[in-house]
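Two complexes are shown next, each including subunit A; its partner changes from subunit B in the first to subunit C in the second.
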Partner chain A sequence: MNVAIDIHELRRDYVIRSILSNKIKRVVKALNGISFKVKKGEIFGILGPNGAGKTTTVKILSTLLLPTSGTAKVLGYDVEKHPIEIRKRINLVMGGERNLYQRLSTLENMEYFAELYDVPLKIRKKRIYDLLELAGLQEERWRDKVETYSKGMKQRLQIARGLINDPDFLFLDEPTIGLDPIGARELRNIVKKLKRMGKTIIFTTHYMQEADELCDRIAILDKGRIITIGTPTDLKKMHTEKFQIELILSFITHEHIERLQNLKYVNHMRTKELEKNIHLFIDTQACSEAVESVFNVLHGIPIQDVSIKKSTLEDVYVKLLGGEHNQS
Partner chain B sequence: MRYLRVFLAVLKMQTKISFSRNLFKFSVLIMPIFFSTLLYFVYDKASNSSSSYIMLGSAVASLWGVTCYSSAIEIERERISGTLESVSMTPIGFEFIIFSKIIANTVIGLISFGVTLVYSSLILQISLPVYSYRQFVLWFLILLFSFISMSFLLATLLTLSGNAFAWMSTVQYPIYFLSGMLFPVKILPKWVQYISSVIPIRWSMESLMKIVSGMPNSSIIPNLISIILSLLYLALAHYSFRIIEIKRRKEGTLGGF
Partner chain C sequence: MRRIAAFLRNSWLAFKGVSLWLNPQAYLTEKIVNPMFRLLFYAFLLAYGYKTMENATVYIFANAMLLSTISAFNGVGIIYFSERHQGTLIYTIMTPKSKFVVIFQKVLFHILDALITVTIGMLLAVVIFNFKFAGNIYAALLLISILGTVSVSAFGIFVSSFGLLTRDINMLLSIAESVVFLFSGANFPIKRLPFGLGFVSQILPLSHTVLAIRSVVRGNIWSGLKLSYMEIVVGLVYFVLSFFFIRFLEHQARVQGNSDLY
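Up next is the complex of A and B:
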């Protein structure tokens, strides 16, 4: 089987105790029984609001935390029983500036972790150079202390460090957080390159476009539960109308509006008056058919502008989570 | 071989990081001088035993200061900076890395030891009538072993306590009094002496002090006690590490913030 990750009914509670009496103050149910599988070579995205349980999932899979109940297998190994086997084959990159030795240089950080991962001496130097190159860290800064780096440089170094053991499986927890648009795009390109190299990647993010662009499949998590799971295209199909057509007209009659609303391919329509023009918003699943029939109805009315918008993953996300969260 | 290479990498890294801190440079290079100067004025310089405290006692005390301080604090530092997570994800295992760190700190602490010896012999003009250098070196190694085992256990327990910074000084200072580094254990109240007797350093110090006072000392009993206690401490530390590992993964408290 080509399953890289197999999670079944995974639960994780955090017990918060009072410092003085050690009594249990609160139990946070971070994961409430999640199950999913990730195939080898896949890029799998975990989305969800703050506190949804994304980092907890990633930490359990990377052997930093134990499940409270349920099972999690990485590359066939159980996280509870065979952490060492898993550790040899995976690595984790956390977004942000932590997880590096600030008082060491890039090269020193890389050499240290290369030793801990037992990277063969013969290929060590070349691998470090290649990875730093891949991560796009300028060579003239390799000997400077990490504490003198910008956020983006630290993040690049983290990526390079995360690849030092040539892992089959890479976990990225919000890898683009705090990067400038170009930096974030470069990082996405690195992720794509890694996929081409055959690596399996699980990553979490708050940026929908990023998930849409990179992920083969996505799970949306909320309050420790999986709300939905599927390819970005599937999710968009399942949870929202596919297209929104916006037309700008100088005028329109009630009769026209009625006829438009009764068209077969128009699922929903809304009008709005803006700066003396009429804006029509039409939701549809069949774009070309809808456009054709709408234009037929509007024959004779001057159309000033037309735009067609494909619904985005963000629309799905907001639809699934938005309302509920605005209330709470 | 693999373990030796990891140890060397840890030693290199630990030395670089430690010496990039000014406070650390101070405590390694300057503190020992304070120590021996202080003892120089406290003790009557005439007798053999006082010169052994001024020179060897303060050297050992400085060594203890460096080893204990950095061993306890280093884990906490790594926890705060998040590197503890990255390091404990490596297949070599968190325990061996911490153990290496502690040996590394002891090796770095030897610089302090050396500074004290040089300072007290050149500036304070103190000389030690060492009975046998071969015995001295051998027993000094046993002392280092007791340092390493104690620091390892302390580092583990402090990590378990989750509040290393607060506990560190509470543990570091009593050792100065209890272990016979700065004055003989015999002058302590009887009940305190009982506490002393479970500290391996105390037994090693007893033997070493005799040799550097020019006395023949062929009794290996105190050294044997020191070794046995040290082994016990190591076993205890190893066991605590099991608990730490489980606690860390189960409670999620030792990982991040």
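Up next is the complex of A and C:
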């Protein structure tokens, strides 16, 4: 396996000190010993609630932050010992409107960063134009100051900026935050294109659909720990049943519920009363068999609506993290 | 050639990206009108407060020289603060480029900018007070101003680098500016400082330049230039110090994890 990232027992504490006495007020354990590997060419997603430690992980890997303990290697280089080697080969894009020179134009920002990465002069101009085109920034705005741009335009510029050194490895921390649906989709297409170009990508997001669509593998983080890791398909298999059948009924008896729960293909069932109707949610691995046996049991009860959906990454997320969703 | 052009272009962009006085109006107020009044104030104060015009001349030029502190502290001094504010500090840290080159690029145009202000100040003094010097005195003054400006800018980098760790850089800059003013000797002789504080001025920028200006205006060009070389030593020390300090603070920023707080 060609390893792009190798993290072992990584911990990071943030020490918060009192301004006056410089005494330690609190130690935030942002990462509590996480370990994982990312293969070259992979899109690796990091999901998890606010404060889970996603950005902290990204910052350590992009050499902005030192680990408290544990090791992190990027493309074979240790983040503590060889940050410069890493810096040449990576880039980082943070979602949002900052991280750009607001008083410079798009072209000026790109030029500046090209020089910061010593992009060869011969190809500099072409690369800048190609990247801006890739990021989908309208050419007529390239000479306007960044402060006059909309959020989405700034985000696009950030993507272009993040590719200026033709990095092997790209960190994207919530790159689609605040983008409109079409903008977000375009960004996903860019990410796919980058993957085809052979780049390795670490991607954080709060949009499950997006992670499902893009990521080869996903780690879900909570309170600085990895609670699960795998391909989206594996995660769905591991943590949820494959299908969820929803039935809307006018009424149902206790006897029916009991009989349904005992059916072979019904793995889990839950009922909910909504607007005078009963909603049944049935989780199953075998869709058609379950439907058939459920309909048999419900014979004589008017069924108003049936829908079947495949379980999603969101179901996994909610199952693993639902309920005690505490922010930090 | 193209390399140099790219270097200059980037210095210009770095200057433009973080400056407070970007539009022509702001530049005119901050870098021309404000210094003009500042200078006029000192000039008249001194011209009528001192017995001989010769003494006043020295102080007027010295104060013109002090105008370089506007760039050194409000320009160079806020570089890292401004980067932090815009969220670009992380890329200043993350760049694989030599930090030496990066810093140099960032300050180059601030130095030129300071030089413009100082030159305007001195020209203004010459015109208003109708000074008449020999050509070589002007040349020496120009050289001294350049060295002094570079030196005070290096000091500016030193103070600015604290911006890598904290966003509360303004008070630090105010103090630094006052200290340089006080110990420069531009408005009273260093010797008059109490408790033998005079020695402090030796390690601060502009004090040697002020002495150099005094020498030159009095006609001792060579001894003036010699003093000016001392100034460049001071500046060099600050520049080298800043370089290592910035590397240390960048490491510290990675330890503390506050490079994107603003």
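The definition used in the following text is that the second predicted complex is superposed on the first by the 276 of 328 C-alpha atoms of A that agree within 3 Å, B and C clash if a C-alpha of one lies under 4 Å from a C-alpha of the other, contacts with A are read in each partner's own complex, and residues count from 1 in each chain.
Criterion: a residue touches a chain if its C-beta (ideal position, glycine included) is under 8 Å from a C-beta of that chain, and two chains touch if they have at least 3 such contacts.
All values reported here derive from a predicted model rather than from experimental measurement.
In the three-chain model built by superposing on subunit A, subunit B clashes with subunit C.
Judged by the touch definition given at the top, the superposed model places A:D166 against neither subunit B nor subunit C. When the shared chain is aligned, subunit B and subunit C each come close enough to touch A:Y112. Contacts of A:E314 after superposition: neither subunit B nor subunit C is touched. In the superposition on chain A, no contact is made by A:E246 with either subunit B or subunit C.
In the superposition on chain A, A:D6 contacts neither subunit B nor subunit C.
In the superposed pair of complexes, A:Y101 makes contact with subunit B and with subunit C alike. Of the two partner chains, neither subunit B nor subunit C is touched by A:D234.
The contact surfaces that subunit B and subunit C form on subunit A in the two complexes overlap at residues 14-15, 59, 62-66, 84, 87-88, 92, 94, 98-104, 108, 111-113, 115-118. Within the complex formed with subunit A, the subunit B residues making contact are 2, 5-6, 9, 13, 16-17, 20-21, 81-83, 85-93, 97, 246, 248-252, 255.
Only residues 12, 14-15, 56, 59, 62-66, 84, 87-88, 92, 94, 96, 98-104, 108, 111-113, 115-118, 121 of subunit A touch subunit C when the two sit together in their complex.
Looking at the complex, you find that subunit A touches subunit B at residues 14-15, 59, 62-66, 84, 87-88, 90-92, 94, 98-104, 108, 111-113, 115-118, 145, 161. Chain contact summary for the complex, subunit C toward subunit A: residues 2-3, 6-7, 9-10, 13-14, 16-19, 22, 86-88, 90-91, 93-97, 102, 105, 254-257, 259-260.
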